[in-house]
Amino acid sequence: MSGYIISIAVFVGIWVSLALSLNILVGYAGQVSLGHAAFFGIGAYTSAVLTVRYEQSFWVGILAAILVTGIVGAFLGLPSLRVRHDFLVLATMGINFVVVAIFKYVDFFGGAMGLVNLPAPALLGLSFRGGPAYLTLVWIYAGLTLLVSWYLSQTWAGLALNTVRIDEEAAEAVGVSVPRFKIYAFVISAALAGGAGSLYAHFIGSVFPDTFAFVESIAILSMVIVGGVGTLRGPIFGAVLLKSAPEFLRFAQDYRFTLYGALLVLMMLFQPMGLLGKESWLWNLARRRFRRAPSSALAPEEVS
Amino acid sequence: MTALQVEHVSKSFGGLQALDDVSLQTEGEILGLIGPNGAGKTTLFNIISGFLSPTRGRVTYNGHSLQRRRPHQIVRLGIARTFQIVKPFSDLTVLENVLSGVGMPVYPRPQALVRRYRTPVSLKQAREVLAQTGLEAWADTLAANLPIGLQRRLEIARALATAPSFLLLDEPAAGLTAQEAEELAALIRSLHEQDIDMIVIEHNMAFAMNLCERIVVLAQGRIIADGPPAVIQQDERVINAYLGQEESDADHQ
Amino acid sequence: MPIAQNLSNALVLASTYILMAVGLTMVYGVLKILHIAHAAVYTIGAFIGLLMFGWIGNFWLALVAAMLASGVVGVLIYRATYFYMLDAPRIVPLIASIGLFVMLTDLLQKDFLMGPYQKAFPAGGAGMPRIRTEYFSITPKQMLVLVVAIVLITILYLVQTRTRLGLSWQAAAMDRDMAAAVGVNLNQVVALNFFIGSALAGAGGVLVGVYNNSVFATMGDLVSYKAFIIIVLGGMGSVPGVIVASVVLAIIENFLVASVGYVLPRDAIAFLVLILMLMFRPHGLLGRE
């Protein structure tokens, strides 16, 4: 594989993790956030500061990134306890803006020049710099994110988040502590995005504030929504599609944000649940195709 | 024997006095709560179940003060409620709706993050509730696809799944056919036989009179009558309260 | 700087906020949509104003053309997107709005439209007089902003309070279904709503472009963020609330932010204010639950 293809695959893997992590917040808990790039950035900066300023290893960096971003997520999730729906979107947008401003204006974080010369991960003296080794690491992390997302959907917390998303009052009436589970969702979602941030930072070798600006939050949200919010397949598909398309299509490169924006509008108009979401025409079509052969065995399930 | 005590509860919204010094106590009975529109019935439910806090007064249950308790904590004390406008978890199945009631009061803590919700024990409990409420056949149907009559029953099933000792039912018979209402009454009686006490808000007079051992009438935020159905039916103030409402209803049309 | 001077500067700033925020609050009032793409309408207004000014050389004609064009863009946005989402959960039009905003801003930055750089808008004060007293002075440009804003807001006020259209608006803002039931043509009312709100935003864009002698593709971003602060401060959906809140915010910025601005950029502070407002005073400074 050429270095170019590998680096695309690395980026896709990182954005799959980001989309899946945002999906926990938006798809599971129903808390639409336009500030996910802030968590991505907090992870990247945590790892960068620890490795560059305190000469820790990458492994310390990524673990700290997950931990710190999770903790920050608990605090930045607080507005969701009081602010709902569209105003939460405004608040998260604001959080993203403030976090980037802090990176930019606080010298400790390197200011507008960012932090550079991040070390590559190494294990038993072997460096992971570039190449298939780093790719493997990134996709192991994406797999881990997928596993966490899936397992969460199987737990009582997953069921609780579903109830919070559908109707907060009814959720409380069956005994769900709505604030507690919203914060859980913010913590898990943020922590996973933080790890992705660390992987990104050490792959690029530097961090700059503008990478984590509000528009990146929109890009991540587009991936979740285009793919299919609330599902596991959706965000993965959305991230692969939207992250790789600009690499292969010249048009998509030049008009990246026009594309993201237009896709958001079109999805809201025609398929709000996403291309591969619940009951989307594409997903139904695919299901019908693959189920036709052994239809007799599956018929009862399809009826219900 | 469980006891719910409402002591001198008042609630005002801005300038509007929704409840005015309401006191009542229930002990081992099906209590009917009736009254014209806007009398404050649902407000009282919202206060008991923790969705609203009273402006004055307090509510206790089995000696626990409900003050400053959030709705989910009140569920854990054994008081479950339904909503007048049903609130099913629409894109979950009927079984999952009931499972939420089974598990949420039990797993409020971080262990909810690691325990899976479909276990033999939880499924068994949920299926028992479905059997009791006659919803077994619909277990895998999405709640949104249930007809309204069954959504009302699901509302009760979900409350029942939290293993309550006290139920607050907000107009459970609204929109039901005569036969469905009959079945519902039978269900409510059978629940009462299992030592679940309740307050039932009801608009359908015949239904309430038939079902309840005792009836409390609210009008304009005050209790204007309290007694067995036979006495309530004769009470002049109750008749006036309802007549007044019919007149004003007629005005609106 | 003397207080009177600060105050007159604040009023100029407030005028531009009002023109931007009035449209947002009108849309929110009737449709309960946070119309984020409004920022792009503001920029488009400035852009078209600049084009027309370069073409005909008359500021007033350029202003009118920009307002008409912005109004049309606003109506098109409504008819192409929100119109189909009125019964959807509120988050659906909001996400569409964000998509529109990102798309339009990105497109505007392309070379065939505004390009990525600032452009000058050398209309000067459009013939406005300079006022100079012992305590403060108002430049012709400031005069221009103040006069246009006051005239437009007065017209809006008269339309809202004295015409059938204004009454229909108020009815629709209170209860859409009810208004439809009593014979208000909702589609028309909402479309006009978008037209007027967008035209005002376009005028705001032109005025700010002239005032700063600079027009660029992302000029709407910060103003729109602030406009959201303003409509929350002003109690969502209330035009008088917006006017009061705009003045309050402009005064705060002029008098206070200068003294704490070294900790964080003033816009980050504005955002912190927004988050705290949303959490603790969601019904506005004057509003109550």
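In this document, chain identifiers A, B and C correspond to the written order of the chains, with residue numbering beginning at 1 in each.
The criterion applied here is as follows: a contact is a pair of C-beta atoms (placed from the backbone, for glycine too) under 8 Å apart; a residue touches a chain by one contact, two chains touch by 3 or more.
Since the structure is predicted, the reported quantities are computational estimates derived from the model, not experimental observations.
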By CA centroids, point me to the most central chain in this structure. A
Using mean Cα positions as chain centres, tell me which chain lies farthest from subunit C. B
Distance from the mean Cα position of subunit B to that of subunit A, given in whole angstrom: 41
Distance from the CA centroid of subunit A to that of subunit C, rounded to the nearest Å? 33
Determine the centre-to-centre distance between subunit B and subunit C, using the mean Cα coordinates as centres, and give it in whole Å. 48
Identify all positions of subunit B at which a residue touches two or more other chains, and write them in rising order. none
So in the complex, the part of subunit A that touches subunit B is made up of which residues? 152, 154-160, 162-163, 166-167, 169-178, 180-181, 184, 278, 304
Write out the stretch or stretches of subunit C touching subunit A in their complex. 33-34, 81, 84-85, 88, 90-96, 98-107, 110, 225, 228, 232, 264-265, 267-268, 271-272, 274-275, 278-280, 282
Which of the residues in subunit B end up touching subunit A in this complex? 49-51, 70-73, 75-76, 80-83, 87-92, 96, 99-101, 103-105, 107-108, 110-118, 140-141, 158-159, 161-162
Within the complex, which stretch of subunit A touches subunit C? 32, 34, 78-79, 82-83, 85-87, 89-91, 93-95, 97-98, 101-102, 104-105, 215, 218, 221-222, 225, 255-258, 260-265, 267-269, 272
